[in-house]
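Shared chain: subunit A. Partners: subunit B in the first complex, subunit C in the second.
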Partner chain A sequence: MQSDVLVGLAGVIASAAPIVIAAIGETLTEKSGMLNLSVNGIILLSAMGGFAVSYRTDNLAAGYLAGILIGALIGLILAFCTLTLYQSQVAVGLVLAFLCRDLSYFLGNGFMGLTAPVMHSATLPFLSELPVLGSLFFDQTVMTYLSLLCIPTALVWINHTRYGLVLRSVGERPEAAFARGIDVKKVRYLYTIVGSALVGLAGPIYTLGLKPGWKGSMTGLDGIGWIVLAITIFGGWNSFRVALGAYLFELLRWLGLVYQAQWSGVPSQVLQVAPFPLMILTLVFVNMKNSEWFESLISLLPPPLYRFFSLKGKRNKAAPSSLGIPFRNV
Partner chain B sequence: MEIEIRNIHKSFGAVHANAGISLTVHAGEILGVLGENGAGKTTLMKILAGLQPCDAGEIYVDGKLVHFQSADSALALGIGMLSQDPLDFPMLTIFDNLYLGRKKGFFIQKNSFRKEVEKVEDLLAFHFKLSELVGTLSIGERQQLEILRLLVYGSELIILDEPTTGISTQQKKQLFDLLKRLAELGKTVIFVTHKLAEVNELCRRTIVLRQGKLVGDVALPCGSASLIQAMFGKAVDLQDPLDVSRSEEQFEVRHLVIKDAHFFSNPVNLSVRKGEILGLAGMEGSGQKAFLRTLAGLEKPLDGAFFDEGDALRWGSTHSFTKRGVYFMPAARMEEGLIQGMTVQEHFILSQPAEEIMIDRERSCRISETRIKEFSIHGSSSSNAEELSGGNQQRLLIAMLPERARLLLLENPTRGLDIESTNWIWEKLHERCKKGASILFASPDMEELLRFSNRILVFFAGKISEPFFSRDLNSEKLGALIGGEGWR
Partner chain C sequence: MAVKEKKIGFAKRLPSSAVFSIASTVGALLFTSFILWMAGAQPGLTFEKILAGAFGDSVKIANGLVVWVPLSLTAGALIITFTAGLWNLGIEGQIMLGAIAATGTLRVLQNSLLSPVLIILFACLMGMVGGALWAALTGILRLFGGVSEIFAGVGLNFVATALSLWLIFDPWKRPGVGSMSGTEPFDERLWLATIPGYRLSLWSLVLVVVVFIGLFILLKKTRFGIQIKAIGKNLEAARLMGIQTRKQMMAAMLLCGGLAGLAGALQVVAVYHRLIPSISSGYGFLAMLVAMLANNNLMLALLVAYLFAILNIGGIQLPIVLHLDSTLSGVLQTALVLFFLIMNGVKQHLTERKERNRHAE
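Right after this comes the complex of A and B.
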């Protein structure tokens, strides 16, 4: 029984991998002050594109690379429209989101129901033999390891490197950053493309690993991108919290599947949809930390727990001040 | 470091903001740059600091011809500028804010950079807690922080653009001490202002700009009259307040207790006569703003009543206050007073009482054209509010106050304006007084308070004084009261 739970939890970590990677990509983009609303479209298009390339070339790596390139290309389009042509980030992002989604269904017609290579888990020697941790973290696919690696890397990059500081400054006050000799447009271009490329990597992780194959609108990926956006916001643009949000979401989905068998009286749709509103409620609850009554409630907890939950004196919970606001050089 | 600029030209559309300015600044000097609003001071300084390219002209640093592409490249040559609104990052820590601008290294070098900062801090004799957020500092402290930053990056010339707008008298003294210290250390300081007294206090030499030309290079101290003559090309008359001892009382405040973010005031009893001007003195944030907003109906008091010719006004709807002719003009021009993206004409339409559903374009156009002429606003009906210069935005705000206003509540009505514009605005306000309107205004400028008001209320840390007759006060007495001395 215990090993069943472990296998389930390891599955949660694996299935959260694309969400973690995409949400960290979006966090990087938004930290620079750019709002990329096309996440949902990028995931679908790169899921289809990655699968198609992998099928044609019979090469797994080519599929993942294609996903990254599709993401980067959409990011480039968004950056060009908003940073060079000064169009609205919201409008361009939304149009791209729907365009990419429909494009993936249209272009993917010929690839329905085919089989391409699938990524298998790469068990790490020694580490996988650790009790509990071994089967949870070290018997996973390369992409899951990558998602785990992304979390501390992004955290260190944003908060402890000079480049991260430049990134934050551009998102907070571009006109001041410009006066410090920072090429605001270049930084925004860069992080929009890099962030979108990470989002693009999420697509093939589904179609070449978690849910092999392309089944058009039945693939079941539509909507994940919007969850990614919500997690980015509620995670307070902090990669650690963002990852927690992703794991929470997948945990809820897994619990839904587990209890479906036990609660046969409950319609299966309810359990399938439940994670979404539950996610929203949890995230709202998490963000209630900002309110005074929540502070007074948790002040009853023992000090170490209180410090963990309390947001008093903690930073980086606020949105980048110039998120979504265009910037023009003099 | 010696800076020489030769024949600088810069135009914005039809406006020739800098028309052939040449100037030499010597090392260790505090040079004043004096001029009215729109004289071209800021433009010249932005060119010198690399924030703006010039159309023609040359800049020499220690005899070498230089070209700046950005503020960054100017700073690399030792020229740094402190903008009117500090260009820093409120959401970053003081450390990060200082670190931004370093060109080398991958990881943030906490310890070595901290030592560098501390070395400069020791020279200047002040210290920041580097882990705090910039946003928690006052404007005065943020200026100090910017000066510190410029010095850390090796600035030899520091340009300050109107640094005394928005800081308290005490902070101003600190700033001046700091600037004198910089000069002792051999740094060059350029101090831009429109206030004569400040230049006289701080500088040994000042240049005067008027309409984009350099019209004077004066050794200081010297008499105000000749400087005013140079700044405006003519002498400026000052107006005295009306004698209101015989006019009737129209507004009365009884036992009013206001609340601010940090305190409750003592109860205030006050009556205001027709045509009277009441000044509210005190350091910024001592309750003047809350007092004005309470009287305007924008905030509820804790206790007390407000009577207009015997009728009590009820808090809850601002509309019932404006219907009575009580109007508030905020200090934050762009944030609270004007609406970004709307034209001058649309502002006038908004300020008119709403009578019909459809906008009468012709009539509103007529109104707006006459007002623009009457209040000499540099701009047209169709220019957006944010395109106007600060002084013209202020004129627009004054022009928007409806004719039927009986009580004007003005927060820093002349903030950032030069003497001539200030006088011009007070002339307009006096006209209102002659028609029977009363004025309450807050100002950080003691001279303005003493000159233009009949009586003065002093605010200090939530305490509100009895009204003083301004003829019984002078700047020493008022300054002491503002600083919290001499209270009973």
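Right after this comes the complex of A and C.
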């Protein structure tokens, strides 16, 4: 019984890997002040592209590389349209999201139901023999290890390095950064491409690992990208909390599957989509703390409680100040 | 200095906007041809088949108009929210809730003694209420919860999908067992009259014309229209000018949701005659592309909606005749919008350079 739970939780960590990687990629992009709404499309297109390349070349690594390149390319298009041509980030992001989705279904039509190499778990010696942690964390695929590594790396990179300082300054006060001699556009280009590349890596993790194969619209990946965007906000642009959000989401999905049998009255279609609105609902409560009326409401509470709920003066929880706002260095 | 003069010479004559429109259309067609070539298909033949699929016979032409009705209604609805600067991505859910409310009304009233015309009218009305209420949720989340309308809308779309699936499989299921084919079809007297032999209802066409005349007056001739335009241009400035921004943004959401709900209700009473799992058919998102490509212009939106509708209908038979996926229409539609945005950017870039050089003179 206990081992069943452990296997399930290890599955949660594995299935959250692509979401963690994609959400951290999106966090990097948004930290630079760029909003990339095309995540849903990138994941679908890189899932299909990665699978197709891996099938043609019979090479697992080539598939993952293709996913990364597809993501980077879409990031480049988004950056070009918004940073060089000054088009709305929301408009371009949405169009790219729909374009990539349709492209993946159209081009993937010839690759339905085929089999390509699948990534297997790489058990780490010694570490995997640890009592509980071993089976949870150290009997996973390389990509899951990568997702676990991404969390502290991104945290240190953003908050404790010079590069991270440049990144944050560009997202918070681009004018000031520009005055200090930082090329704002170049930094935004870079992080949009790098962030999208990470999002692109998430696609092949599904089709070459978690859910092997491409099945068109039945692949069940449509919608994940929107969750990634929601999780980025839920995590307050902090890679640790972002990862927590991803694990919470996958935990909810797993619980939905486990309890499916007991709630026989509820159709399975409802349980499958339930985590999505739940995630948005959590978002509502997280965001509610930022609104004026919530602030004035809790100011009536006694001081200790007020301090617990209030967000005033807490760093890292608010959106980058210039998120989605274009910058012109002329 | 010599370099600067050269630049002036180049930028003096800016091509007219028609050139940019043509360039973006050509760009989208070339891009789609490239995608077709990648999929191993012949672009020329494929475009020919799409045209044949859209205009081959009178039934196909009528079917194009059947798609045009919900698409233009929803695009018109979205132009209200776009004008107010709201990205109403919850539009899909608003269409679905309109359809759900209309189905519920028909189910309650189908055995009553009311005349069928009254029942259909009432169902459409309730559809509008359903869509408006669903939009109100997004509006409340945005205006009072501080949640971006983009995410609130997407989240509520998932809820709407779950709701319609639950209704189809549980309380409203067909006698026996629920299935993905939808609820039990309504009695034929509750169908909106169509032209004999076609799926097209003339009443829907009339409705689109009436709604668009109303929208034109609303956006161009009323205080509300001017105020939401001001809000869309600059929210903070509009607030300082004394416009009740929250109230007007909420009104824009309600109107948009109401029209989307009407589109959903029409899908029930005029097209499907029952509730099916994905009754919005993605028309909400497609209408978003229509409104973007039409640059929020109502007249253009009617034309673009027709273009997109015939692309949809023309793409249906691609899997049978050419073994290509019908999402090709979607690729062409989104590519048109992407290239429109790119060309728009190029145009602005050239205009600005011209301005700057004039100042330099």
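Methods note: the second predicted complex is superposed on the first by the 299 of 330 C-alpha atoms of A that agree within 3 Å, B and C clash if a C-alpha of one lies under 4 Å from a C-alpha of the other, contacts with A are read in each partner's own complex, and residues count from 1 in each chain.
Everything that follows uses one rule, which is that a contact is a pair of C-beta atoms (placed from the backbone, for glycine too) under 8 Å apart; a residue touches a chain by one contact, two chains touch by 3 or more.
Note that the coordinates shown come from a computational prediction; the quantities given were computed from them, not determined experimentally.
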| item | value |
| --- | --- |
| Most subunit A residues touched (candidates subunit B, subunit C) | C |
| Contacts of A:Ser32 with subunit B and subunit C, given as first, second, both or neither | neither |
| Contacts of A:Val92 with subunit B and subunit C, given as first, second, both or neither | second |
| Contacts of A:Val273 with subunit B and subunit C, given as first, second, both or neither | second |
| First, second, both or neither for A:Arg162, with subunit B first and subunit C second | first |
| Touched partner set for A:Glu172, first subunit B, second subunit C, both or neither | first |
| Residues of subunit A at both interfaces, subunit B in one complex, subunit C in the other | none |
| Parts of subunit A lying in touch with subunit C, wherever the complex brings them together | 37, 81, 84-87, 90-92, 94-96, 98-99, 101-103, 105-110, 216, 223, 226, 229-230, 233, 265-267, 269-270, 273-274, 276-277, 279-281, 283-284, 287-288, 290-291, 293 |
| Sites on subunit A touched by subunit B in the complex | 160-163, 165-166, 168-169, 172-173, 175-182, 315, 318, 321, 330 |
| List of subunit C residues in touch with subunit A within their complex | 35, 38-40, 87, 89, 141, 144-148, 150-152, 154-156, 158-159, 161-162, 165-166, 169-170, 178, 285, 288-289, 292, 324-325, 327-328, 330-331, 333-335, 337-338, 341-342, 344-346, 348-349 |
| Residues on subunit B engaged by subunit A in the complex (per definition of touch) | 51-52, 70-73, 75, 83, 87-93, 96, 99-102, 104-108, 133 |
